[in-house]
Each structure stands twice: as C-alpha cells, then as structure tokens.
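The next block holds one structure in the form of structure tokens; read it before the comments.
For clarity, chains are labelled A, B and C in written order, and residue numbers in each chain start from 1.
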Amino acid sequence: MPAEIYLNVAVSGILTGLVYGLMALGLSVIFGVVRVVNFAHGEMMTIAMYIALVVFTAFGLDPLIMLVPITAVLFALGYVMQAGMINPFVTRPEHTQFLLLLGVAIVIVNGLLIIFGPDAQSVRTTYAFDSFQFGRLIVDATKLYAAATAVVTAAALFAFFRFTDVGTAIRACADNHAGALTVGLNVNRLYALTFGLGSACVGAAGTLLVLIIDITPQVGPVYTLLAFIIVITGGMGSMPGALLGGLLIGVTEAMAGLIFTPSAKSMFAFAILVLVLLFRPQGILGRKTS
Amino acid sequence: MSRFVVRLTEDVSRRALTLLVVFFAAMVIAPFALNDYLLTVLILIFYSAYLGLAWNILMGFAGYLSLGHALYVGLGGYTAAALYVHFGIGPWIGLLVAIPVTMISGAIIGFLAFRFGVAGVYFAILTIAFAEFARIGFDHFNWVGGSGGFFLPVKQYAHNDLWLLRGSPAMFYYVILAATVVAFLACRLMLHSRIGYFWQAIREDEGAARAIGVDTFRYKMYAVVISAGMSAFAGVFYAFYYNNLFPEQVFHILRSIELILGPMIGGIGTLFGPVLGAFVLTSLAEVLHAVLAVFGIDVPGVNRVLYGVCLLLVVIWVPHGIWPWLARRLGLTEPRP
Amino acid sequence: MSALLSISGVSKRFRGLVAVDNVSFDVPQGVIYAVIGPNGAGKTTLFNMIAGEFVPDGGTISFDGARIDGHPPDEVCRRGIGRTFQLVRPFPALSVAENVMIGALLHRSDVAEARARAYDVLKRLDLFDKREQPASALTLPDRKRLEVARALATEPKLLLLDEVMAGLRPTETDRIVSVLRELNRETGLTILLIEHVMRAVMALAQRVLVLHHGAAIAEGAPEEVVRERAVIDSYLGAEALA
C-alpha cells in the first residue's frame, strides 16, 4: 500500500482523536474533581448527538453553529444530574457510583432507542464530502473543522481552570476536599459545576462527532468505554493526558482498521487498556497516587 | 452426613428453614401446575438465579466487581457446543472440559489483575475488556461458526434425553432448578467456612485482612476461579437449551449487565438475594411485556429501560437489595452481607 | 538470650524526607517495649516496616531468627507478628465475633474451633457480651479493643500496638494496660508499642526507645530514659517530671 494511505489514515486518526480527546477531557475533569466514575459518559454524548441531528434535520442548522447551545444544554443536564442525584454517592464506594451511572446509561440508551429506533442516521452537511489537499495529504473537511473546534474548546476549558476564580476553586476542591471545605468553598455547588463542565465537554464533542460518524443509540456505551480507555491511558485526572490519550487511541484505531479488519479497532484499544492497567496504571501523564 | 446437615443449617432459624423447604417443594411441583409459557419463564428465572449466585461469589463475597462475566458463560457454552457438534461429545462430558477452560481464563484475568493491584473500577473495566476481546475474537473464530453463529442440531422432543440435554421444557427446568439448588448450598457452605470468612474480610478491608494474615492474593484467585467455573455450567445449559450461539449475543456487555441485575436487586452478598432478584426482575419484565402487548406496543428497548430504572431505584433506595429488607419483614435470620 | 525482634540500621526515605534514620534496637522475648517520641518522629513508619507494609531502604529486620524485611504483611503475620492500626480498621459489616474469628482462622481451619478461640479472646478483652453486634456499631474504645482482640486471635509471638490508648479515658487506658500486663505475664507475649500516653508507657514498658526526626536518641529502662536531657528537650518537657 502506498505511503500516502498510511499518512492519510494516520492524520485522519489524529483529527478524530482530538475530538475523542475532548470527550475524554470531560470524563477526566469529572473524575479528577468529583471523583465520580461517570459510566454514562458516552450515553450523555449520544444525547448531544441526537439533539444536533434533530436540529439539523428540522431546521438545517449546522452542528458547528449549534455547538454553543448544545454544550449549554448538556452543561445544564450534568449540573442537575450531579446536584439532584449523584451527589450523595460521591462518598460511597466506587462500585455503587458505577452502578448508579450504569443505570442512567441504560435508561438513556434505551430511551433513545425507543424514540429514534436502532437505525443509523447521519448529518450530511454541505461540506460533508469536501476535502483539503496539503501536498500528498488529503484531509476531510469535516474532520478538520471538528478537530480544530475541539482544540479551541479544550483550550477554553484549560483557560477557565487556570485563570478564573471558579476554576481555581474547583482545582482546590480536587486537590484537597477537606481543605476546600474549611476555607468555605461551597463544595457541592462546585461539584455540580464540574459535572456540568464535564458534560459540556461531552456535549461539544458529540456535536462535533456527528460530522464524522453515523449515529445509533448503541454508540453510547462504545464511547463510554473508549473515554475510560483514553483517560486511563492518558492518566486519570490529567487534562493534557486526556487529549494525549485521545490522540493515541484515535491513531491506533485508524491504523488498526487499515492494517487489520475494521472490527479489530476496538480490540487494539482494549489491548492498550490492559497493558496500561498492568504496567503503568497511573497512565502516561498521570501522577502515582499512594 | 449428619454433621454436614448440621453445618448447612446451623444458625438458620426454624422459620427460615421451613419457608425454604416450602418454597423448594412449590418449585418442584411447578411444572405440573404451569403452562409451557410460564415454565419457560421459570427456566429463565432459575438460569438468572444460578448465574447470579455464581457472580455473587466474586462481588458479594470477595468484593470485586466483574462486568465481564458473560465471558465465562460464553466460553463454557462454546466449549461444550463445539465438542458436541464436532465430536459428538455429550454436554455433561463437555462440562468437564468447559469448567477448566473457564477456570483458566478466570485465573488469567485474576492473576493479571491481582498481581498488579488492579481493583475497583479498574478491575471492572478490565473484565469488560476481556469479554470484548472474546466477543470480537469469536466473531472471527470460524470453527465455531464465527459471527454467523454456531448451531446445535435439534431433534424432536418426543422423549427426554438427559445425557444429551435434548428434551421437553420440563426436563430443562429440573436441570436448572437442581443446579441452582446445588449452587445455593455450595455458596452457603463456602460462606460459612474459612474461605467465606476470608473473602468477606477482603471485601470489608483488604489491607486489614492482609495485616491479620489472610493471603489475599490466593483467596481472590479462588473467588475468581470458582465464580468462573460455576458460570461454565450456565453456558453449557444455554447452548443446549437455545441451540444457537452468536458471539455478538453471548459475550455482549449487555449479558454481563443483565446477570448482575438480579443479585443487585435481591441483595449482593446474601445467599437468597440472587434468587429473589431473578424472580423480581424476570417477572417484572414479563409483566411489562404482557401489558405492552395488550396496548399493541412492541418497541425494542422498553424492557431494558425498565432494567435501567430498576437498577437506579435499587442503587438509590435499596442499595443492600430487597432480600435483607424482606427477610427482616418475614422475621428470618440470614447471614448479613 | 537472643532477641525475638532485631532491628539493625533500618532507614526509610520518602522522596527526600528521611522518615527513619539508621535505627537499631533489639526486643528480647517476653519484654514489653515502648517506642515514644514526638509526632512525625518515624514511629509508625518503623512499625509499618516491621509489619511488612513498607520495605526499608536500608538495614535489616529479623524476627525469630529469620530476616523479614521486605516480606508482605500477610506473611509477616503468619510468622507470628500481630499488629493493630493507629486508625482502627474493623470489618464493619461483620460482627465482633466474626472479626476476631478471621484472626483465629489463620491457624485454625475449622470454623467452630476458630469461633471458640475468638470467644476466649473476646472474654479476655471484655467484649464477649457484644460479640453479635456489627463492628460498625461499636464505640471507639470498644473498636480499639476489637482491634487488639483480632490481632491476638492470630496467636502472635510479638504484638505491635500503634497508639492503642489514644482517645481513651484513663479508666479505659488502665483496663487495657492490665489486660496487656496479664497477657505478657501469663503467656510470655512480647509487646512492642507506640504510645503517647505516658501513663501507659510508664505502667507497661520494661524498655523504652525514643525517636526524634527518625533517629533513636535514647534507649533503656523507662525511669532513666525520661530523665535524659535530650528526651526532655525534644518531647516530654520539664513539667512531665514535676
């Protein structure tokens, strides 16, 4: 196979991986701060995807335009979920949180199944088949736009955590729960905010992902697992790690699909997961927790 | 023999024992009282109860959440099916091969996880990963049918052949009922012996357990391997009852999730919890199905939404499961989870 | 008489912070030995190395004639060292009796025998009446005694007690002191304890080691050690002797 194909597939993988990274960033933020294992992460993303689909089908509005509103909707959803249901579980054993969110995930997936049916649907924008050429490199327009937007969104999130008071307060919560309480931070509100932010990431990622993939309700669990693999690989609680993990998984997936069969894609992702869990459980950029 | 019986029944109240015997007697005569449809529902219930009991060993007793138990069921089923279809070997001999196969895979997963200190959520995800490996792997495993499915030859049900597990629903019912009873008694025995206490210590506080001399690695391995081995039987039963195996179905994460719902609802760590949970969940699903059929609604996903809601309700309101509450109401004693 | 426990030149560093600095001492068989010193002196780290939770960075630890440094906690316990935790760790969902039974099951595989042994230990520690209560329902003093009972049930030759008196009222302290003295007298149980409660140390200990900043600054009989200048300056304060 000519070298171009490998290059194109790899670049395609990188671009898709950046969107994955944005999705995983949300999970990393949630786990890093609230310490909740959000097993409904991918399912929440499918909510965003279906909203984008419906809006596009009904009003013809491009997902890129809908990015901000959908992100806001998912933010609200996450906030309410945390404040209303998940909060008591923050201090409970991990497996009960896991099961709670698993329940949420099942309800979401099957709810969407009932409403939209199992068939794949997609968003075909006007530029859906456009591509850019950079020398011998051919890049899909959709992927390029999605990746670029993902990077900008991630940067905005980084900036938020770095430069705003609220962001600093959230990071304080993550580092030291008890300490945060003693200096008077409203930890519950910050947790809800953080879950909202994590969900917003997923909302943004979902809106971008509809440009790239077909949507069925069943993609939810697939992306939940993928998000976990990315976050564990990149490092739980490390934001740059989530993006790095996303890139790694995106490229691996793409190359595995090219060299082997498409169904082997997820096998490679899982193989990476197993290796990371065994040999470097804190992930590439994670810190070892004692 | 009498010492055995004493050990099985010590510190179980008179009342509990009576209720249990009555319940068992009812289950034994059930095929004579129920129509075929209800009998198949009962088969499903005890299948779920059996698997729930097997899974409960790892989670309820030892405290390790496995979300990939479908792996063992699938491996068990495929092993016995392959031996039958390709070599004419009956399911009971097939079981003798299936059990070591699943135990070895459990041992591999356990060894990898426990040697490297993988626990909690990470362990759960690891189990998911292995089940997914199997799902995708078997899709390409053409000797056992690949993604197109593996089919067991079906003969007529004119007479019951217990050796080859071909026959009427009643025969299958008694097989799965017997298996559930054996599993129940085995779990009870284990829970009340050294292995069960060590498991509970590991579940409650693994570090403290190590400090008082419990070889946690060894006992966790026992839990995984026993749980996996028990699940093999469920797989063999599944294969010979439904007579077809598809990797997409058998190893799917949904199967793994379904099998944990029973024990969760009934009560993780209890003995009767998985059985009660199986009854509650399956009955609810069937009732819902019937109600929807009346309204002419046949939408995929409705009963799964029910599962999800059930799970949510249980985790939020009755995290210890229904059985502890029910047992208290009935005035029974039951080993505390 | 060779020592039951022999600590020789043991050190432990945590990323630049020296927690234990070249500590050596011997604990003879049948002796009650106390380790005292200000917070952060390295006492619990020392314990954790003996119990197998940490691996020493330097030096050796020998027990009953064999090296045990670097061995895992469950193996150390099997060799005959029982320990309690500073922050008690009962098995919350299990009953008091079951908690202690698990300790007893180390050397007795029969559950009925283990239960009998557990009952004996519970009676000695005055917890027999509460044997069917879930451990989570106990008060702190009771939990501390449960912790000791559980460790005792493993039939140790050496018992490591980590600040077992902390948070107890004087009457409760005296109770535990008398139980420990009794055990030591009747069974020859060797006890190594970390303690801040000087009342207990003076009542129990036959030998005392003082740690400060990870290093041993004094060792000997309690009456002598508490009069040493270095010990008074770093830990006790002059009022303690008044």
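Everything below uses one rule, namely that a contact is a pair of C-beta atoms (placed from the backbone, for glycine too) under 8 Å apart; a residue touches a chain by one contact, two chains touch by 3 or more.
The shown structure was predicted, so the numbers you read here are calculated from the model rather than taken from an experiment.
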{"item": "Taking each chain's C-alpha mean as its centre, the one farthest from chain B", "value": "C"}
{"item": "Most centrally placed chain, judged by C-alpha centres", "value": "B"}
{"item": "Between chain B and chain C, centroid-to-centroid distance (C-alpha), Å", "value": "44"}
{"item": "Chain centre separation (chain A, chain C; CA means) in Å", "value": "49"}
{"item": "Whole-Å gap separating chain A and chain B, where each centre is the average of the chain's CA atoms", "value": "33"}
{"item": "Of chain C, residues touching chain B in the complex", "value": "51, 53, 72-74, 77-78, 82-83, 85, 89-95, 98, 101-103, 105-106, 109, 111, 114, 134, 150-151, 153-154"}
{"item": "Residues on chain B engaged by chain A in the complex (per definition of touch)", "value": "59, 65, 112-113, 116-118, 120-122, 124-126, 128-130, 132-133, 136-137, 139-140, 253, 257, 264, 299-302, 304-305, 307-312, 315-316, 319"}
{"item": "Of all residues in chain B, those that touch chain C in their complex", "value": "192-194, 197-198, 200-201, 204-205, 207-216, 336-337"}
{"item": "Chain B-touching residues of chain A, taken from the complex the two chains share", "value": "37, 85, 94-96, 98-100, 102-111, 113-114, 118, 217, 221, 225, 228-229, 232, 261, 263-264, 266-267, 270, 273-274, 277-279, 281"}
